[in-house]
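Please see the structure below; I have some questions.
The chains carry the letters A, B, C, D, E and F, assigned in the order they are written, with residues numbered from 1 in each.
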Amino acid sequence: MNELMSQAIDLMVAGMGFVFAFLIILVFATLLMSKLVLRFGPAEPEPAVPARKSRAKPSAPSPVDPDTAEAIKKAIAQYRSRHKK
Amino acid sequence: MDKLMTLWTGSGLFNIEPGQVVMILIGLGLLYLAVRKKFEPLLLVPIGFGGILANIPEAGLALSAAENAIHFAKPQAMAALAGVLDVSYQAGQAVTPEIKEAFKAAYKDASYASISMANAVAQDNGYGNGMLYNFYTVVIGSTIGPLLIFMGVGAMTDFGPLLANPKTLLLGAAAQFGIFGTVLGAALLDWLGILDFTILEAAAIGIIGGADGPTSIYVSSVLAPHLIGAIAVSAYAYMALVPMIQPPIMKALTSQKERAIKMTQLRPVTKKEKIVFPIVVLVAVALFLPDAAPLLGMFCFGNLMRECGVVERLSDTAQNALINIVTIFLGLSVGSKLMADSFLDGQTLGILGLGIVAFAVGTACGVLMAKLMNAFVKEPINPLIGSAGVSAVPMAARVSNKVGLEANPQNFLLMHAMGPNVAGVIGSAVAAGVMIKLLG
Amino acid sequence: MDKLMTLWTGSGLFNIEPGQVVMILIGLGLLYLAVRKKFEPLLLVPIGFGGILANIPEAGLALSAAENAIHFAKPQAMAALAGVLDVSYQAGQAVTPEIKEAFKAAYKDASYASISMANAVAQDNGYGNGMLYNFYTVVIGSTIGPLLIFMGVGAMTDFGPLLANPKTLLLGAAAQFGIFGTVLGAALLDWLGILDFTILEAAAIGIIGGADGPTSIYVSSVLAPHLIGAIAVSAYAYMALVPMIQPPIMKALTSQKERAIKMTQLRPVTKKEKIVFPIVVLVAVALFLPDAAPLLGMFCFGNLMRECGVVERLSDTAQNALINIVTIFLGLSVGSKLMADSFLDGQTLGILGLGIVAFAVGTACGVLMAKLMNAFVKEPINPLIGSAGVSAVPMAARVSNKVGLEANPQNFLLMHAMGPNVAGVIGSAVAAGVMIKLLG
Amino acid sequence: MNELMSQAIDLMVAGMGFVFAFLIILVFATLLMSKLVLRFGPAEPEPAVPARKSRAKPSAPSPVDPDTAEAIKKAIAQYRSRHKK
Amino acid sequence: MDKLMTLWTGSGLFNIEPGQVVMILIGLGLLYLAVRKKFEPLLLVPIGFGGILANIPEAGLALSAAENAIHFAKPQAMAALAGVLDVSYQAGQAVTPEIKEAFKAAYKDASYASISMANAVAQDNGYGNGMLYNFYTVVIGSTIGPLLIFMGVGAMTDFGPLLANPKTLLLGAAAQFGIFGTVLGAALLDWLGILDFTILEAAAIGIIGGADGPTSIYVSSVLAPHLIGAIAVSAYAYMALVPMIQPPIMKALTSQKERAIKMTQLRPVTKKEKIVFPIVVLVAVALFLPDAAPLLGMFCFGNLMRECGVVERLSDTAQNALINIVTIFLGLSVGSKLMADSFLDGQTLGILGLGIVAFAVGTACGVLMAKLMNAFVKEPINPLIGSAGVSAVPMAARVSNKVGLEANPQNFLLMHAMGPNVAGVIGSAVAAGVMIKLLG
Amino acid sequence: MNELMSQAIDLMVAGMGFVFAFLIILVFATLLMSKLVLRFGPAEPEPAVPARKSRAKPSAPSPVDPDTAEAIKKAIAQYRSRHKK
């Protein structure tokens, strides 16, 4: 086995060991944090807040959907023709 | 007439080299994949375009002023550079290809101070840094680009599913075997004499297994900048291929019954937990792995801005204007490393081959870890969410969901898979920190 | 095993110093104030987070490449630096704490050229500038960050109420006593032997009394960069505390009858006046105080973009994407100066103490000036709007309004107080220019 | 009195003197400017333009307020049910 | 008292020079044109404001640290600079105006390395680079600013009308006679002894005829940076005047019958053609004129982002936040070159005079080319669309439309004129590449 | 004729020659490209997509034009008054 191979094995052992150690610590830290927050925090629930999920910016705000818009246009036209503005 | 001759001898058609033709075709191929096949277009469009720009003959867009001066090899400029770079060359001496090579080699090995002096001398002689060279220096050379992308990704990440089920962090840990397994794979190729790699190169290639674009670019810019083009292209291409790479592995390692496991609905997570979590991660990084501080620090900062609710305008900017601007420059900068002489190389093929191994190993280890965990926990975990531990947010989680639905049409795994998915981001950033600590 | 040892001896837990623990706690405290108490969160979130990042042991995020090299003190790098920094050190010699201190002191006193050479040498030896160090250099070291914020603030400022009643500019002048009074206070502390200050430090501390974030950062970056962390934190914290600091002073200095004075409605101001006003200010600056040109020039430029009506897209960008981007980096950069060795110091306590004096004096002088003006003008001024002259836009104006409503529920002072409020911004920028002219 | 003290006093005198001088000049310059603009400028009033006041970007443009939107939806629904589109 | 004296002797009123007064008035004039007359306000507001800032006496906003040190001429700083700039000056010697001039001349001729050393020395002596000097260096000195604007313009350009009728590219070629004709005009002025120009200056002036702002700034920054102020102002002013300059020429060169020609409706263009077109242009540039690669490369990149449909967020940012940010800094940077000593000069008058010639020649050649093409093609071209070949997008196309409507109220030329209009952008970028190749 | 003059003439000849050569090549390349795309591309028409034309960002999205909006308001008012919500 050449040197690179042994370096790679060393790196794997140290690396995976550390990654697991770190994330296991993080599991416990997170559980502890949640427990503390839920115990001492004021009882504000607000779980139903729909978090923005996607990475992408909603490209067009479009507050009125096309169907609706079209229908509105027709309604307006009717309305105007009736009222002879 | 004279002037038309100058235009002709300075044209691309007159000067183009076969390697440049190939690289331009590769650039066009990346654009095709990005535009038609929707392969991570946000990065691959700029990378592909930057790759084409970098290979335009005579334009020297990806070269420094000194490299441009050496390319054009006018005796006066060469004489001025000879002193700075310590190459033996007399003013007036003919510039043979060997001498040009000697200058290139000397520039490559020069110290920072010499490089900056050589560029100043080249500018005095009328040469400038190429546009893409400047982009690379500012955005990647300083490491700022990937860090800002990571900040923006943090501002787009919802840790809710992870907080509801923190043990899925372990799935994100297991999937990092993809990284270190690939390092081993590279070492194996070297041992077998198929390709030559240093440990730095092997580590940089391994990070492809992290399945996270900015982390890959960051690590390779620190450990092996000459491979950044191949590594980034490989990472983004395989991230786009996740829906094809993962399902066969996932199915091979699980039984129909395991795939049909329904998981209980996630508990609601309070806003306060979401605010405190990035700070917990930051403190853990500070205590245990300072070398991951730039990556995870910026990630946590972005996430804190998102969740804290009092700096919406900063969070919006981090998720939109700022990340978009950085993405444009980052992509072009990565593209600048797709130059023929460094890309058309056996190593690149090795990187592409190892990259897919990395994804496969990561996927497998994530799934196996989930099965292992099922031996210890009460509420069973559907092993399909283990594969999401590789990162590739949110594609890998969607794959888990899709394969789950195939096994059981009532089985919605998406939110459950988001936990390991974002855990994978943290996991690969930790792995990056370890590699930089031990090798950087 | 060896590698795990490296990870452990390089971890934060192994290396952390008490000062860093304290500073991280202070950073967490700032985040708490920003997020829970809504203390100027747009700045204090990035400052607090940057402060934590800067104090992560071994990460060196706020240090230059040379400082990082000195910190790690490898003999080879030290030998290379010794030549540049003119420290007597032989290659191979053991690096004692004294030698490290000698290097640090030499670096601190080095010329620009030596510093840039030392950093190049450190980079040749594998050290890099910390992320926050780079942010600080680009954003604050160049003075560009505070100036761009000021441009954005200009683009958000409506001078209408000031134009309707220009004599309220005098209230903005009087409140600047807070600045110079604080300089005097610092001198007093020095005279009494309690703390040591130079005149530059005293002036930089005084600017807290300007109650304007970017002005404070700009002035302290020019006059006393080592105090910038404490000064910025102090300025933003007290700006957030304006609703608590000002009312008692305002009430103590005014009678119930004075507080109940109703002011006549402001005349309408034409668009054209609003367009011409920033140009008038600019010309006045050009003629009388060129040293205020960067600050007030950018402020007027932003305001002209806002009002002129033909460059809406530039004005929008100045008010949103650009100011947000700069705010993120400015905050992190200020945070980088919250390092233990420079922050945990008697001076910081002095700065915090003097800061509140500055706000109190400014408030009082504004109110008294309004009372004085009432002796000369026909239409009486409600002295409560005088306190708005300290700046702290728009908080101070709201405080005037609130205290006014308490005295007389029909008394709406908000628009009247906006005049002195924006006048305070101009006034403190002028004071900044004077201090830079006389001391810079 | 030590040197710093006298420097600080000097700075205060010069500084406050200058700040007042500058802002008094600005008062007169502004009054003059307003007079000139109002005399020579075309008589466009436009005082009622509601200037954007806050420093913050209006987070949602929302061209139609929620009430209206809801009412529209109902109106459209009626319209559609009548027209059997 | 002493301090008030310092303030007075340092004030603008005490130090102002007649040239600065004139330049400030010119800056105000540009603002007037931009705001009241709507002359290309997006650029002329920042340019005009930057021009005023650059001429504030004693502020030195457009000067480097070394230039500021030379301006203030303190003996100690001068002694330090003397060594770097190789001027014979002893510490303590009186600084006569001649010595100051010698320093200025030495700085102007210094190499890059000496300039950077001189600035470091000046910083050690307490002087800093002016804000506008920094902007100029980063935005224009690096050529990045105009290139990013060009990218944004590419992202805003619809090549549909050009693709529907590609032969209108020839109109965009013909109109470039405006560029080279103006070079000839400058040479003529030089030959007649009226003004002195070098070929570099003549070429930079000619580019005004390209009627394209970023191209003008890019070319003059490469060929003749000292003329950039006058050239940019001239280019943008005449672009704003297109509706006045072009119609008389168009009418003089066409008959009523020609102007009334109705063109057949353009064929629909598919999305795919629009996606492939920027790549075709890029490949043509790569093969034939690498020196146009920065300009046209960024232009095509912007256009590809726009059309490819998969990177909408990048395209949006390129068209909005990014181009706006760059426009602000580019405008201020150009304004920094409106300093009295370089602007108030016969050359500037020559540039203004030649600029209008450039537009007129370009317009005429475009119209004549259209008439010539009518001799060869079946479907007649309305010669009025030829004038749109000068660029000045979209103003020139609107002028074609308007003049066409005057001749025939049913004649809608706008879309037909958009073809030559965007062809003119490509044409002038090609001409820019040729000039840089042959002279740069 | 001095040197600058002859340089300028040279530049004009080379420059205009090259500009025309380049754009003529581009004409043929574009025609060829269009032909290839239209022949081999799937027959997706989508010609009617209204391309964004101007260089300027549409300053206000305004999905509903003012007239329409006003008419809607009236309609809503009527609707509400009828339904006594």
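As a convention for this text, contacts are C-beta pairs under 8 Å (C-beta built on N, C-alpha and C of every residue); 3 or more make two chains touch, one makes a residue touch a chain.
Not measured: the values here are computed from a predicted model.
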item	value
Repeat of the E-F interface, chosen from D-E, A-C or C-D (over half of contact pairs identical by residue number)	C-D
C-D compared against D-E, more contacting pairs	C-D
Distance from the mean Cα position of subunit B to that of subunit A, given in whole angstrom	22
Between subunit F and subunit C, distance of the C-alpha-averaged centres to the nearest whole Å	46
Centre distance in Å when subunit A and subunit D are each reduced to the mean of their C-alpha atoms	35
Numbers and ranges of subunit D residues touching at least 2 other chains	11, 14, 18, 57, 61, 63-64, 72, 75
Contacts with two or more other chains, residues of subunit E listed in rising order	3, 6-7, 288-289, 313, 316, 320-321, 434, 438
In the complex with subunit E, residue positions of subunit C that touch it	111-113, 116, 142-144, 147, 275, 279, 282-283, 285-291, 293-294, 297-298, 301, 304-305, 308-311, 313-314, 316-318, 321-322, 434, 437-438, 440
Interfacial residue positions of subunit A with respect to subunit C in the complex	10-11, 13-14, 17-18
Residue ranges of subunit C touching subunit A (in the complex, touch as defined)	2-4, 6-7
Residue ranges of subunit F in contact with subunit E within the complex	1-2, 4-5, 7-9, 11-12, 14-16, 18-27, 29-31, 33-34, 37-38, 41, 44-49, 51-55, 57
Residues of subunit C touching subunit D in the complex	153, 156, 158, 160, 162-163, 166-167, 169-170, 172-173, 176-177, 179-181, 183-184, 186-188, 190-191, 197-199, 202-203, 268-273, 276-277, 280-281, 284, 288-289, 319-320, 393-394, 423, 426-427, 430-431, 434-435, 438-439
